[in-house]
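Two complexes come next, and they have one chain in common, subunit A, joined by subunit B in the first and subunit C in the second.
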Partner chain A sequence: MNHTSNLQTRIKRHYRNRKMQSHLWGYFFLLPQMIVILLFALYPILQGLSLSFFEYSVAGSTWVGAQNFIAMLKDDVFWIALRNTTIYTILIVPGGLVVALILSWIIFPLSPKTQSFFKAAYYLPSVLAGVVLALVWKWILDPDIGLLNYLLSFIHLGPYPWLSHPDTALVSLAMMSILGGQGASIIIILANMGAIPESLYESARIDGGNPWHLFRFITIPMLKPTILYLLVIGVISSYQVFDTIYIMTGGGPYYSTTTIAYLIYSSAFDEFEFGRASATATVLFIIIFILSMIQFYFFREDKK
Partner chain B sequence: MKFSYKMILYAILTAWAIAAMMPIYWMVVTAFTPQSLLMEIQLFPKSIVFNNFETLFAKAPIDRWLFNSLLVSALITLGAVVSDSMAGYSYAMIKPKGHMVIFFLVLACLMIPDQIRIVPLFIMIKNLGWYNTYAALIVPFMSSVFGMFLMRQYMSSLPRELMDAARVEGCNEFVFYTRIVVPLCKPVFAVVAIFFFVGTWNSFLYPLILTSSKEMRTLPVGLSTLMENYSLVDYGLMMAGSSISAIPVILFFFMFQKYFTKGVTLGAVKE
Partner chain C sequence: MIKRMNMKTILISIIMVVLISATACGKSASPTASGNKETGNTATGDTATGEKAAEPTDLTVWWYAFWNGKDGTPEGWIREKADEFMALHPNVKKINIEMLPGDTGPQKIDTSIAAGSPPDVTYIDLAFLPKYLKQKVVIPASDYMTQEEIDDFFKSLSDYATYDGKLYALPILIAPRVLYANKTMLEEMGLADKLPLEGDRSWTIEQFKEIAQKFPYKKGGKTYYAEQINTTALNWTHLFWFWNFGADLYNKGDTQFILNSPEGVKALDFMLEMVDAGSFRLVSGGAKPSDFWAGDLAFSLGLALTEDKVKETLKEKTPEGQPIPEVVAIQFPRGPGVDIAKSYSGIGGLTVFKQKKADENHTKMAMEFAKFLTNGENNKIVKELGVFPTKKSSGDVFGGDVNAKIARIMMEDGKDLGKGEQTYKIFEKLINAELDSAFSKKKTSQQTLDDLAKKANDMLKQ
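The block that comes next holds the complex of A and B.
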């Protein structure tokens, strides 16, 4: 009797030790990533949020309450940047999505070889550095000797000022982004289109549905989660657009292409207003968060 | 009738493909066009010259920038693949106590825009004395939540029996990870590595704020410093530099197209 219970506790202890050991191994494997994330992501993020309430100087920061936010809200450039970023997002995210859906819908019935050719062609611009694309487009959009005005002159259009005029600069940036930026969306949409059961289309065809009906009443509803995903990702990245602005316009002319991310950069590294830059970044974070939540709300599966 | 309808659709596809690829073509053409001929636009160049590249190498430390980009991209990729796969393995297979809490905490970092991080990171790097060094360009970026997420997803699909069998054989977690998990995860390693390499090769904002001297710039940042002001740009020179940055990734893309496509759809496609 005594002997068996002894054995039982020994077995139990053995398993407990094994389990302990396994936990320790688990933490060991998490360690390298945790160190990097804690030190260089989580800590700076928290510090960034708190810096919003301080006036920074090398000697030491002083608490200024909401003053950075008040100064920011009183600044016209902040509101211009917010408006520019929003217009840019409205132009490129829904616009890009419509283009990507149409192109995917045309590509989908083609043979796998043709499909992968077009996928590669549309995706290729996305592998280039933002800086490189921006430089090339700056050259193409040059008002005097740029390629685009040259091509348009054949059909008696232009010349347009593109980036050099406040009325056209932001639209030019949006056009460039829509033209080259659909590759990833198209690949994702095509992959999800492939998962829609063929039987749905067949029964709709039997009921006399035309291609538009099939697209409108089967493809689009079935792609709802994909569309939501692309919208959320698109809005998040478009609200952070920076590289192209920095290279192509520097926020000008007359602040017409100053976006929030560019404003944060320039208040931090041109004016060295670290507190102010952090306050603006905090607002950007809140905006992105709210927009993502709104999108999730409207695209809920169980929406009645 | 049906024929012409299809023709229109094909025409749309082709026109859009030409428009999407035209900038790349124009970049390469301009890079090989003599400076004096830039004013008269030639869609198909009559002669090819290397003048722009010669000027570029004489004017800027392009070889140093290339080296910097290569070194930084390679080390970040290596670090990220190791740390992401280790973490992914822990979340997917060991599941130590409290792993879900840590997982969501880490995942939350993905939602937060980079802009919040740039100022504190800049201050921190300055205080560490890392400003304008390789450490600043590499160490903070050696791990990624997204890469870990992909790794975890892939590893969760490995059969559990594998691990039980290895345990019975008295195999510890480290041996199991290096001998069994890593070889089985080669495809996802390739995807994460390729994405990281290209992403770092192309990255701009962080190298821009964390370096200051000509010698420490990476290729994209170095190129941007060649623009003296916004209206006066030597495009032949800039397109030569852009080609040097772009052509390796374009070749890379054609070699590993399968992995690029996989990387784009991983996590975005329900399986």
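The block that comes next holds the complex of A and C.
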């Protein structure tokens, strides 16, 4: 009995070693990426996490326990920033997805050449730096010399202080993101639309389905995993929005565009409160981590 | 087997190297590196002279394009001074000069401090000195200066850079503000005769209102405003209205924020009235400010420039095809019960930052260079910028210039943004953001200022 058990253990070890040996090259090729992740992602995350428990000073740091977190939670601006970030996310993620779906739906039936033109046209802004886009949109939304107010003046509307009033500033930023930032989503949706079997559409047409029926009952269900992916990725990136805020509004007016990522920057570099900034970053990390877990959960469900 | 062993060895070696590198990075970035402590504790003045003073060293200086050198380039002046200094101190082998852009230079300094690698010497706006003191990165200049050297600064200026009895920066320029008026625009509107151009050019808010209420002025499809209230980023020119209505940011000693006084409320009501009437343009959030020097506004607060410098600026900024307007400097209008117009003077100075691995000789040479740049003779160069030197020994550099005279009058009762550890935070984080709540009609003036005062006083208690 004991002999059999030993034999089984040895066989198991042998196969494990064989498996390990055959996978070793795979691990070896993964190593460069692991090194990059370790150095430029994991290490800064751990360093940031540790910093959130210190009052940081270049001359020396002092352990302050949870004080930075308490100060952050007591700060009204933190809650405003969290609210703004959530509103921004709620506005741009579903809004952007709807825009991307509609545009993809319009582009998809076109000839491959025309498709390529539109794909390139919509993707072009994604190639540009966010700062450049922000500057262009800042001009479009300028209350005095902006293109948007100029166009509205033809129908006797405005001028509106798009970025200068607390009621319109965040919505203006969301509008910019919805209209100008869907290039990548369109490419992904179009690629996945191409993978939907044509036979499904043919059957639906035979059964009397109109274009709306085809879109509603075939395209959307078949794109469910893609939509889910875009939703979650969109939520994660919108929670980290910083560059457009920094360039276009500086978090104002009256904190109306202060987001969590902007607050982190402002605490660290305007106030030199690196500990509190790290505490806020830790909270942002937790929020994004939870959202990522939701992503994994939904993908797993989808696989089932 | 051997192959597997080799592979394992390679993997383990690589992982070890990565981990060791990461740990090494951690240590070098650690703020508790011993170099700081050594530099900080040994910064005690003349103790490092003698043998160590002769040790060769290099310095790093970050500078702005303030004025040109003999070669006509912005970096020319600092380069010439660096060469002169190295001739006087042969042990300083090299002075590395890096020119900072005016708009993002302060950010670069902040980032370098955060990263633990600031320059040896740089120029800063002294309003932000407390921020750097909190980080314990500034070396006290007074430890390296004689009392006679300190006394050569105008007292109000050295006081401004003194904390806990130690001078932490060497003031190099004082830039008082005056109000400029576009006389040509006002002449077109038939209002120029209402400007106070006689005597000391002082006037009242009521006189100013007589002109301002004629705005907005529309011409050629463009709208012109009397003034602008700019609450974006770190703008503070609207504080002049508070100060000249008799309100103050802080009590004496900066222990309490008191802008919600009746005078403060009156000032904010006045600004709201002007914005609502369209006389003043509100610049907040992402709006682009108007440019007075390009002819967009009738009045604007600005650095006190000499008459020649004003002409030069106008020539440079006036859009092509437009006639160059006449611009005059006047005092800021005074509110009821205010006898002398209040001004704010930006004071710029040189700081010497602690270095992780610097020895005493290096620190001493950095301080000597800062002293050299601010000595009575070199300090006269600030005239090129149209601002005032900070050393008594520099003398009167502007002679009888009218604008300089107006600036000197307004310098008599100067205001500042506060000197406490929290005051710069209150300025950077609270004031403009909270004032926006009044300008966007979310709150009344009284509510806005009361809420601002409550938050500011909470911060002061921290």
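Note that in this section the second predicted complex is superposed on the first by the 252 of 304 C-alpha atoms of A that agree within 3 Å, B and C clash if a C-alpha of one lies under 4 Å from a C-alpha of the other, contacts with A are read in each partner's own complex, and residues count from 1 in each chain.
The criterion applied here is as follows: contacts are C-beta pairs under 8 Å (C-beta built on N, C-alpha and C of every residue); 3 or more make two chains touch, one makes a residue touch a chain.
Fair warning: this is a prediction, and the values are worked out from it, not measured in the lab.
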{"item": "First (subunit B), second (subunit C), both or neither touched by A:L7", "value": "neither"}
{"item": "Of subunit B and subunit C, the chain that contacts the larger number of subunit A residues", "value": "B"}
{"item": "Partner chain in contact with A:I294 - subunit B first, subunit C second, else both or neither", "value": "neither"}
{"item": "Which superposed partner A:G252 touches (first subunit B, second subunit C, both, neither)", "value": "both"}
{"item": "Which of subunit B and subunit C A:L284 touches, first, second, both or neither", "value": "first"}
{"item": "First (subunit B), second (subunit C), both or neither touched by A:F274", "value": "both"}
{"item": "Contacts of A:A191 with subunit B and subunit C, given as first, second, both or neither", "value": "first"}
{"item": "Partner chain(s) touched by A:G130 [first = subunit B, second = subunit C, both, neither]", "value": "first"}
{"item": "Subunit B versus subunit C as contact partner of A:F29, first or second or both or neither", "value": "first"}
{"item": "First, second, both or neither for A:K138, with subunit B first and subunit C second", "value": "both"}
{"item": "Common interface positions of subunit A, toward subunit B and toward subunit C", "value": "24, 27-28, 31, 39, 43, 47, 56, 138, 142, 145, 164, 249-250, 252, 268-269, 274"}
{"item": "Residue ranges of subunit C touching subunit A (in the complex, touch as defined)", "value": "4, 7, 10-11, 14, 18, 21-22, 25-26, 29, 31-32, 36-37, 40, 107, 110-111, 113-114, 116, 131, 134-137, 223, 231-233, 282-288, 354, 425, 428-429, 432-434, 436-437, 439-440, 442, 455"}
{"item": "Subunit A to subunit C touching residues, read off their complex", "value": "21, 24, 27-28, 31, 35, 38-39, 43, 47, 56-61, 76-77, 138, 141-145, 161-167, 169, 172, 248-257, 266, 268-272, 274"}
{"item": "Contacting residues of subunit B [partner subunit A, same complex]", "value": "9, 12-13, 16-17, 19-24, 26-27, 30, 38-39, 41, 79, 82-84, 86-87, 89-91, 94-97, 99, 102, 105-106, 109, 111-124, 139-143, 145, 148, 172-174, 177, 198, 201-205, 208-209, 219-221, 223-224, 227, 230-231, 233, 235, 238-239, 241-242, 245-246, 249-250, 252-254, 257, 260-261, 264-265, 268-270"}
{"item": "Partner subunit B, residues of subunit A touching it in the complex", "value": "22-34, 36-37, 39-45, 47-49, 51, 56, 99, 102-103, 106-107, 116, 118-125, 127-133, 135-140, 142, 145, 147, 150, 164, 179-180, 182-184, 187-188, 191-192, 195, 225-226, 229, 236, 239-240, 242-243, 246-247, 249-250, 252, 260-261, 264-265, 268-269, 274, 277-278, 280-282, 284-285, 288-289, 292"}
